[in-house]
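Both of the next two complexes hold subunit A, though its partner changes from subunit B to subunit C.
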Partner chain A sequence: MDIDHTLFEGVRILYAEDDPVTRENITKTLRLFCSHVFSVEDGQAAVEVFEKEEPHIVILDYVMPRMNGLNAAKAMRALAPEIPIFMTSSYTDKEKLIGVMHLGLVDYLEKPLELFSLVKTLAKCLERLHEGLRLRVIFPSGVVYDGLRKEIGIKGVYATLTKKETQLLDFLLANHQRVVTQGEIEQKLYEGNVEANTVRNLVYRLRQKCGQEAIETAKGRGYSICAMPC
Partner chain B sequence: MQQLIEILRNLTVLYAEDDDAIRANTTKTLQMLFGRVLVAKDGMEALAYYVEEKIHIALLDYVMPCVDGYEVAREIRAHDHHVPIIICSGYTDQEKLLGAIRLGVIEYIEKPMAYEALIGALTGAVQKLRNQQLLHVKFDSHLAYDVANQCVLGGANKIDLTCQEAQVLGVLVRHQNHLITKEQLQEALHDSNLSDNALRNIVYRLRKKLKTECIVTVKDMGYFMASKRERHGY
Partner chain C sequence: MLALYCQLFGVLHVSRDTTPFSTHPHQITLEDAARIFNVEEVLAFEGSSTYLKADVSYTQNVFWTKVEFKNTDTTPLPLMLQNLRAPVGMIDVWVFKDGNEVASHKLGMFRDSSARAVRSTKSVFYLSLQPGEEATVVTRLESLGAMNLTWEVLSTGQYTLKNSLEMVFWGLFGGAVLALIIYNLTMLINLKERTHLFYVLHASCAWWFVYAMSGMLHFLGVLDGDKIFVSTWFVPFLMLFWLSLFSMEFFDLKTNDSLSYRIFSITAWASFGMFVVMSFGLFTQALLPYAHHVVAFGYMLILFMLVATVRLVFKQYEGAWYFLIGEGTYLLALTFTIVAISARIELTTSLLFVLPLGMLVEIVMFSMALSSKIGRMKVKHRHDTLLLLEESKFAAVGKNISEVVHQWKEPISSLASHVVYLEGLLRFGKEKEMHKGLEEGLPNMKKTLFYLKDSLDELYGFFAKTPHLEPFFPAKQIALALQIQRSRLLLQDVEVVVACSEKVSITNNQSALANVLMILLDNSLEAFAHDPNRKGRKITITTSLKSDHWHLCYEDNAGGIALVPPERIFDTGVSTKESGMGLGLSLAKKLVTERMNGALHVKSSRDTTQFYLSVPV
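After this line comes the complex of A and B, so read on.
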């Protein structure tokens, strides 16, 4: 099976599994095509790493000590409603399967994991990320932003964004279906410690790089992003 | 809870079930909750509705003759990643459940369906619609009715409506391209004595606020919302 390694360049995967042998094997497999794999041994550690590293894809074993996969997934969903999550388990009883339904998992894979279904499911995750504007997007101006490499450019000429500009762009893209309020931006980027015009200036500078139409102002409410996956 | 009821009143549900008795029963319940219930007695009918109408939530029986609920869900997913799908079934074998997970079904309810389970699933569906900003019903190229906040979004602007205006607009938007009689509007406003003049005034103010020509008057009959159907947009 051919795997296009460049597909996963910059993708961060979080993997939780309590069995050390399985964890090591699958982690090795994941590292074959993805260089940023965070492996943890239970659900609680998974949630902690999730908050710190903001992974793109999450893989959770169902049955784990301290916190199981179901509760870990619930906690993650509350923070990131759209992130692709899939579960692995030796158990496929009715209660477990019905219980995970509302989480909107990409899949529920039976253990032992087969390489083919693992890769297929990861590909489905990438598709979701793509549609959710987390990979490459194009703005109305024709400027392209690569969410993994954090590069912005037009017709192959790349420019750089400052750290704050990147953070704002990623935050707007992650919440592309809705208007993001100024307060949310201040909290996310500056932990609330910010002067009155900072966000407005940041938006102004970002618009100069992405094009005016890329960021819409919802008067009195906040900002929303206008982009398409490409 | 009160708010859930308020929101559901503005939404359209597609319901498919092949068992006559169950269908009649659940339809009654759904009609109490939703603004509009599209009832299909098999998967074929359900798909026909899906092609013709804008639906917000789908409630599908799994096992049905010819085209089953799974096939309907798959067809919906091929066009729309977000519309919340709820499956109800007497069967809970592993294959069906895993299939449902892969299609992003939000809840799988075992038959017989308890009222609480249905309400729980609908609460989840509305939450999902809200997260996705899909509680908006588009009715003109640049206008959308925000069901949750009972206002109109026009591009970046928010247009506030009075309670009566919101109710009239809600009915028109829900039944786009269908004639709504004065009696239906009176009923929606819970005011059977509402005069023609008062109604005319509400519509006049709506047109003025929204700066749209898509509310069409049919003389002596009523009004309808003329809109080009955009199948997969929202």
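After this line comes the complex of A and C, so read on.
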């Protein structure tokens, strides 16, 4: 199997499975090509880690104690509507999963798991991340941003982003389909404790690095990002 | 025989060889519409008859007859004179010898039968003639219905034989009807189906009608003669009323055939109406002169019902043929009788048995229809039971298989995860780590494989039928049952609390306990699934060993049993689940009582249900 190791570089995967042997083996397998794998033993732990680590991809087993995969997926969807989630389950639980189509799961994998389909499904998740502007994007100015490495540059010349700038850019990209209000940004980046011009200054600095057209101002409402996956 | 008669000078010559015979051709019959004649005038009458037939249809007129006998034998001749029809109102007889009245008889149904010289179902009197002696018999007949105006003359021996045979016939008829009534009464008690009730009522009416018409009721003296006479007017309508209800109920016309239902409703209402109107005859004589008009109406009703039955035959209702034959025979018999009574053909003794026989055929046919229906129901019931049994067997097999699947899900997936990891090492070129991976994984893989094998053995033991008693650890069986249902319990977020000593061993039927536990768990899980919003789901299993019994209390908080008393949950076919077949808990009860010699009880409150199991150790 040919797999580009760099493909999953920087990708964080959250894996929840209650059976210790399966959990250990699959985690080890994931670590063969992805360095950031968080594994947990039930749905509740999965939601806690999800909030803390903000993973890119989530794999949930359907049958788990404390909170099952379905409820965990619902909780995560509430926090991050576009996060790629897929479930693993037995054939006998297949019917129950038909009812959760609305959760927009990437796929569901039948247990026992198989390497090829596991990798294929992960690749599908990457594709969805890519389309959702969470991996490499290009701004109208030609500047490219790598969401995994947090690097910005043009034609191999890299610029550096401050922590707040990265946070703002990621936040705008995560919500690229809508206008993000100034209030939301203040809340997300500074937890509301901020002086009047801080956000405007931050946007100004970011525009210097990404290009003017990258961030559009919706008058009186807020900002929206303009980028394409590349 | 006619050659032996001599009607010279109007005197009928009689000897031992001439009986039996009818007085009809030899008597003088006078119609007395104005009621002006008296017995002396009739005795002295020398003209010819004003009415020539032997029978007269419905009339209110008085009829007189005169017939003269002479004994041509050399020995005394004892004779019995009998009127063919029992339901004739009043027959007055005067016997004259040498112009002197030697005897008179007050006969007819309106008269008390117990005061007569010869007590019989019909109007009968005794006449004795010495050798060469002559006698004149003058008769006055008056009734509210049809009449026979002649005397059937028999020797005493002939009369006794004929009367006895008739009695035997009525006895057989009455016995047959009574047997059918009793049979259907027992059916009514057993099956509690209204069809049998209507049948019994119909047959009772038929019996009454025949016994009234034949004079049996009058003979037995159960009621005043005039009441019995009147009952022959309204009982047939009551009979038709029950027959209509019987037909409706038998074919379940209300749900099956609305047109037929309407037809039989009409006949039911019409016959009930006529019954009510005609029963006023018990209280007033004013109605009776018009009563015979309703015969035509009753006849039309039966015809109407017959047509409706033909329709049911064409629609291929089961049992409709029996109805058609029964009603057809009855209608035919009735037609014959009406024709005879209305004096269109001459009445003979055998004609009198046509109607009872027709009626007997009718009620036999209806009874056959009923028993064939019961037979079909039995077959259907057996078929249904078999089907249910097959379904439950199939469900049980399916359940066992799904339990094996549940049991094996986790070990197989963990075994597969080893394969995934080892394949990953190989594919991603981590040959160096391969050795370490195998070293770490193999013991676990082996362990899992043996676990699969062991669990298979255990499952075999769990579901294998072991009718014999053997020592075992109930705690192990509880753990195994919970393990099998583990994923369902997890999915439904059910907390399970078990308080059971692992050291306790009991000697009983191990597989029966396993099955009972599975049924109880399955029952709780289905109830929980039915109520998705319930929080704090819990199953508590507590066991204790007291003297020679082992007790288990199984409690869930999946809502109580909505049955009063809750013990009804153990009845076969009783289920509070929409999809339930009501087999599980009844099977559990059976297993506990029959295989484990124990007891299973249930208590239920608004939220919780407790099952108490107690078995000998």
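Observations, loosely collected:
Everything that follows uses one rule, which is that the second predicted complex is superposed on the first by the 225 of 230 C-alpha atoms of A that agree within 3 Å, B and C clash if a C-alpha of one lies under 4 Å from a C-alpha of the other, contacts with A are read in each partner's own complex, and residues count from 1 in each chain.
Everything below uses one rule, namely that a residue touches a chain if its C-beta (ideal position, glycine included) is under 8 Å from a C-beta of that chain, and two chains touch if they have at least 3 such contacts.
These numbers were taken from a predicted model, which means no experiment stands behind them.
For the composite obtained by superposing both complexes on subunit A, the positions of subunit B and subunit C are free of clash and fit together.
Contact with neither subunit B nor subunit C is seen for A:Met228 once the two complexes are overlaid on the shared chain. In the superposition on chain A, A:Leu79 makes contact with neither subunit B nor subunit C. In the superposed pair of complexes, A:Ala159 makes contact with neither subunit B nor subunit C.
Using the contact criterion defined above for the overlaid structures, shared-chain residue A:Ala123 touches neither subunit B nor subunit C, since it reaches no partner.
Using the contact criterion defined above for the overlaid structures, shared-chain residue A:Leu113 touches subunit C, although it does not reach subunit B. Once both structures are fitted onto chain A, a short way to say it is that subunit B and subunit C open up an angle of 60° at subunit A, using Cα centres and rounding to the nearest 10. With chain A fitted onto itself, subunit B and subunit C come no nearer than 16 Å, counting C-alpha atoms only.
Shared contact residues of subunit A, touching subunit B in one structure and subunit C in the other: 92. Looking at the complex, you find that subunit A touches subunit B at residues 81, 92, 94, 97-98, 100-102, 104-108, 131, 177-178, 216-221, 224. The touching residues of subunit A, when paired with subunit C in their complex, are 1, 3, 18-19, 21-22, 24-26, 28-29, 32-33, 62-65, 68, 90, 92-93, 96, 111-115, 118.
Residues 81, 92, 94, 97-98, 100-102, 104-108, 110, 124, 128, 131-133, 155-158 of subunit B are the ones that touch subunit A when the two sit in their complex. Contact residues on subunit C toward subunit A in their complex (touch as defined above): 402, 405-406, 409-410, 412-421, 423-425, 427-428, 430, 437, 441, 444, 448, 487, 490-491, 493.
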